[in-house]
Amino acid sequence: MPRANGRNFRELRPVTIERHYLKYAEGSALISIGDTCLICSASIEDKVPPFLRNSGMGWLTAEYSLLPRATKERTVREAAKGRLSGRTQEIQRLIGRALRSVTDLQALGERTIWIDCDVIQADGGTRTAAITGSFVALVDALATLTKDEANARLPVRDFLAAVSVGLVNGEMLLDLDFEEDAAAWVDMNIVMTASGRLVEVQGTAEKEPFTREEMNAMLELGMEGIAALVEVQRQALGPLADKVGGKNE
Amino acid sequence: MPRANGRNFRELRPVTIERHYLKYAEGSALISIGDTCLICSASIEDKVPPFLRNSGMGWLTAEYSLLPRATKERTVREAAKGRLSGRTQEIQRLIGRALRSVTDLQALGERTIWIDCDVIQADGGTRTAAITGSFVALVDALATLTKDEANARLPVRDFLAAVSVGLVNGEMLLDLDFEEDAAAWVDMNIVMTASGRLVEVQGTAEKEPFTREEMNAMLELGMEGIAALVEVQRQALGPLADKVGGKNE
Amino acid sequence: MPRANGRNFRELRPVTIERHYLKYAEGSALISIGDTCLICSASIEDKVPPFLRNSGMGWLTAEYSLLPRATKERTVREAAKGRLSGRTQEIQRLIGRALRSVTDLQALGERTIWIDCDVIQADGGTRTAAITGSFVALVDALATLTKDEANARLPVRDFLAAVSVGLVNGEMLLDLDFEEDAAAWVDMNIVMTASGRLVEVQGTAEKEPFTREEMNAMLELGMEGIAALVEVQRQALGPLADKVGGKNE
Amino acid sequence: MPRANGRNFRELRPVTIERHYLKYAEGSALISIGDTCLICSASIEDKVPPFLRNSGMGWLTAEYSLLPRATKERTVREAAKGRLSGRTQEIQRLIGRALRSVTDLQALGERTIWIDCDVIQADGGTRTAAITGSFVALVDALATLTKDEANARLPVRDFLAAVSVGLVNGEMLLDLDFEEDAAAWVDMNIVMTASGRLVEVQGTAEKEPFTREEMNAMLELGMEGIAALVEVQRQALGPLADKVGGKNE
Amino acid sequence: MPRANGRNFRELRPVTIERHYLKYAEGSALISIGDTCLICSASIEDKVPPFLRNSGMGWLTAEYSLLPRATKERTVREAAKGRLSGRTQEIQRLIGRALRSVTDLQALGERTIWIDCDVIQADGGTRTAAITGSFVALVDALATLTKDEANARLPVRDFLAAVSVGLVNGEMLLDLDFEEDAAAWVDMNIVMTASGRLVEVQGTAEKEPFTREEMNAMLELGMEGIAALVEVQRQALGPLADKVGGKNE
Amino acid sequence: MPRANGRNFRELRPVTIERHYLKYAEGSALISIGDTCLICSASIEDKVPPFLRNSGMGWLTAEYSLLPRATKERTVREAAKGRLSGRTQEIQRLIGRALRSVTDLQALGERTIWIDCDVIQADGGTRTAAITGSFVALVDALATLTKDEANARLPVRDFLAAVSVGLVNGEMLLDLDFEEDAAAWVDMNIVMTASGRLVEVQGTAEKEPFTREEMNAMLELGMEGIAALVEVQRQALGPLADKVGGKNE
């Protein structure tokens, strides 16, 4: 079964990241991966949640939302329903946890970074695209805190990106689109640093339990995808890329 | 007091409308008016609310939302708060009422059109831009219902656009941006058809009550703005523009 | 088509305002306009919302509610549904905005006036009756703040009343009752001061867009109605009426 | 310690019941007991809750609400808070249970009676006044169902009224006002039929547990109050009073 | 009609109270009365609600919940519905009021006791079992506040227990199980101290109003049940029982 | 750093499963793993959610809740807050997904299984204990559907259990208790079948990203734990264990 647009099994869809997409946010990016498209922004607030007051540490939290016609069928707004779905909460907890893992909250000081991921169009892989795109918005926001210091390192330890891998009809595929995702036997989301360390692995048997060997092969394929995504992030960030992670390498 | 970008008092900001902005929606448009920018979509659902069942008539309803960093300071999501603000409800009722006034709900049949207006960036005039942009998305959505019939009229009676006018520091200005709006003594939103008939007039004394003469002058200025906006809509719609409104003229 | 009770087209329904209707409120009034009847109260609280703290300025806010059997069919309580309808929020925002426009919030000092409008019976025009009746409750409440000073002006700049006008079957009518409102082509609510200045104009084409000429004629008719309503307010307030607005005239 | 207005310990406050207070409701009454004042209405809906469908039986349910300035300090609206307080829910469950106990739900047929009790002014005893006043509204509503049949009995078995009794500073008092209620050691609400049978007894030690003897004395006193209240109901209902309860006596 | 398990009309079901059921709570008990079974816990928090701040007094509040399969048919969780039912609120208000009546809030100081009653299995009488079981948890929690003082009295004035009595098919029964409760003509809950004083009496005619004589007989029977329940509480508490109530007798 | 109770790094805490813990549920179990303790129940409802109607397939869904004093500090009830936390929603989605993966929804027919997991005491590992315990309740519930057929296979494909593994201070530990979990660098939850196939793997770097080698070692250790847990499930189920999974092996 061939993939859409002649893509091979181990290939990402075309990825672009447009920085400074919004005028007001401290950092923002429009990320497109195939037909999946999100606005990611990073906002800085000069206070922290109660549990961190007077701790000297900062915090990072994330919110995620779908525009109603991001999807094939119109999705009812969560604001209209008055409550967030379990799916939304799970995704925004994942995004926040992932980005916190590479942010130096001590160096950030008593500030909160709000990451907002709004999905303009959803063709599979929105949560992984949200992490990959938000990382760029985060770096831009952090840069506003140190802009006067030419050589200052940013309080972020390493590049971070995320990708999905899946078992679909017996084939192992990188970066599933919506149709592939719906047909997947196993769906795995991998969040990883540029240095190849794992931050989050979530593998779920949607139809059939999977073996240890399949698990390993999926991780291998995911690593290749992450490397390619980090390269796109570096290109987008240009010279700012060099200020990422130096402190901890 | 000069206006930003050297704009004169009776001039709109630059306006662009990009059709087919979303892949899945029956109709969609990205409208930019200066730094104000919204995604408008029109979705067709094959059923109507309970009060119209078996009436043979259709319905149109609208929803409006701000992305959190559309604004200078991050706005808390209404989905996170679990309830819509009064401002949001007032705006979405206005958009729905305005577009219904030119839609032939009888000809539409038992279908609901969902208009979604999501503000990407908010620099004043989002509710009027929402009406102007959604009109284009609506026309495209209605066209999908009649696509096989080359000469069919669309079930929409006339072009419709909206604009704000205001009294700011004693001057009468067209199309207020955010700073002008915040300083306005009087703020008026006008929704009008291409044929110059009024659909909605909302004038509010934010600081000082206004006279009948000022009211008249503001209406005059609004009419000029509406004419210019309808021209942009016509350009965006191209040949489809000719299918609007013929039936009732 | 004759009007109910032989009323002519440019005539208000019978209006009565009963002051001091409630024992505990600082100001209160029972207003009846035909079969429409509301309890309006004004309560004074010695603090302001967060955005005004330490500003030296006061605030005024309004709430509006229908008793379940104010209406022909029983209306479900918003407290039972757990959320305010868009209509309710729109009306209470209008009432608050209108009364703030004539209140001297600076002279009020750091206090909040709570206006409560509870509709006992709804036969059209409840939002305009709410404004007209609440103005009297407001004056009484403000008088409690200056009661020891015999000649003190109240912190309210001018009388304020509201009325509806409409186009119904081609006729222009003042003060629509429920049936007229339901049949109206155009519905306009006008809020005006005694000195003839406009505070809010909301005209909506319910069935057919309207012309500039019709708009002007509706404003003329509304002005007549406002003048008559202000006279009822003056009668109700008696000597206290003289303490209104002197400072700014 | 003398009571307000020279009332003696075993005396009710002045009671008046005004029938047909609302134009649209099937039954309605304005009840005043001293400074406590409520609008009670009874609405008939031609369907029953799911658990009674196709049972041939009817239902009666009650709702209760305070206007914000019914109280000395303004009370926040439950509609604004988005949830009913425990106190409100307890009271409306009590009202519904009490009125159902004398209503012949079988004879009512598959209809729901909605009782609405809206407190205009609250000076103690609002829940008992709600029961006493709603009974009159209920009878009027039921009469609309049998209006063509001159001799028809109404589907209500007996008169029903409610009163409070309390131990305040060692004295046993009938019909507590707000200040007495706040000072009471024991507060008891009694719901009783005209024939002297108990429908609900709720006695609560607010400050001190009470003895069996005190309990008995409070019940005696309550019975006297109920008899007086039923007499007021009979006067208000006039000839309609004779159609109450015959069937089951 | 014989009772389940050969129980006679004036007999309680088997009652057991297991103290220290939970590891973390300051006080906790598992109470079983027949097949009805609840976990009761008492937690101490070192602050009071706003209305008691700086009063020197403490507070006690209670919450009550059913596990979904405590009942014959699965009950939908109130957390899933997003609001507490009227029944739940009524019960938790009763539990809190009852336990406060014997707690010396002055001696407690500015602390809040949280009582949690979670029903594992519901076969009638859960609210009375909640009071009886929570009393034991409360005593254990209060003991942690005075543990260093060997002879210290606890800030609780007397033993407190609760039981239901009912009229079922003409018979007067103690401690109704679920089936008896569903069939009851009259249902009465009695909360009483060890010294025989009443704290709360709630009698409700579910099917038929009841007489003064029946009321008296039900109170007599309830007193017998309370005495037996207090004996079980004393056994469970062992030596700690002697520290209850001395101060005020 | 030694573990509590002298446990070695690769050892589970003591595990017990008590079947038939509740009287009314079709299946139920009390599972204790060290001080962590939950009531799991499985309820059968004879209908399915809308998306499965007329599909011939069944469904399984799970809910999870903490009793307030399951935790060291009292946790506020989600029913009182009126919304489920993200953590709760994430856990109940995981439990449902895991149990669905081994349930033959086709063979179940148009029924819904409701799994309820109520945590009595929480000392780490509640979500994995919920899966392990609910599996037993599920088997008992499914057995009620086939009880007349002596040799019938149950519609469940394989045994299923879950366990946590973590990296704590450089050591790899099985089955983390609360303190270990709070100190963990990496926390991994593994859901696996008796035949060694993975159903869900969720590994999260709480403090430090982890390597592929560490990932592999954690999976190995988890497999050992799962095998031991399945053995406890088999013992608890006794002869019923033989009816699990035969059909699909």
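In order of appearance the chains are A, B, C, D, E and F, and numbering begins at 1 in each one.
Everything that follows uses one rule, which is that contacts are C-beta pairs under 8 Å (C-beta built on N, C-alpha and C of every residue); 3 or more make two chains touch, one makes a residue touch a chain.
The structure displayed is predicted, hence computed values, not measured ones.
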Item to check | Equivalent interface positions on chain A and chain F, same or different at half | outcome: same
Checklist outcome for this item: CA centroids of chain B and chain F: separation to the nearest Å works out as 52
Next on the checklist: Rounded to a whole Å, what is the gap between the Cα centroids of chain A and chain D?
Outcome noted: 61
Checklist outcome for this item: Whole-angstrom distance, CA centroid of chain D to CA centroid of chain E, is 29
Item to check | For chain B, residues contacting two or more additional chains | outcome: 82-84
Next on the checklist: Using the definition of touching given at the top, classify the network of chains in this structure as line, ring, star, complete or other.
Outcome noted: ring
Item to check | Residues of chain D touching chain E in the complex | outcome: 83-87, 89-90, 92-93, 97, 101, 158, 192-193, 195-205, 208-212, 215-216, 219
Checklist outcome for this item: Listed in rising order, the residues of chain D that touch chain C in the complex are 22-25, 28, 35, 39, 41, 43, 45, 63, 65, 67-72, 74, 77-80, 82-84, 88, 114, 116, 118, 120-121, 123
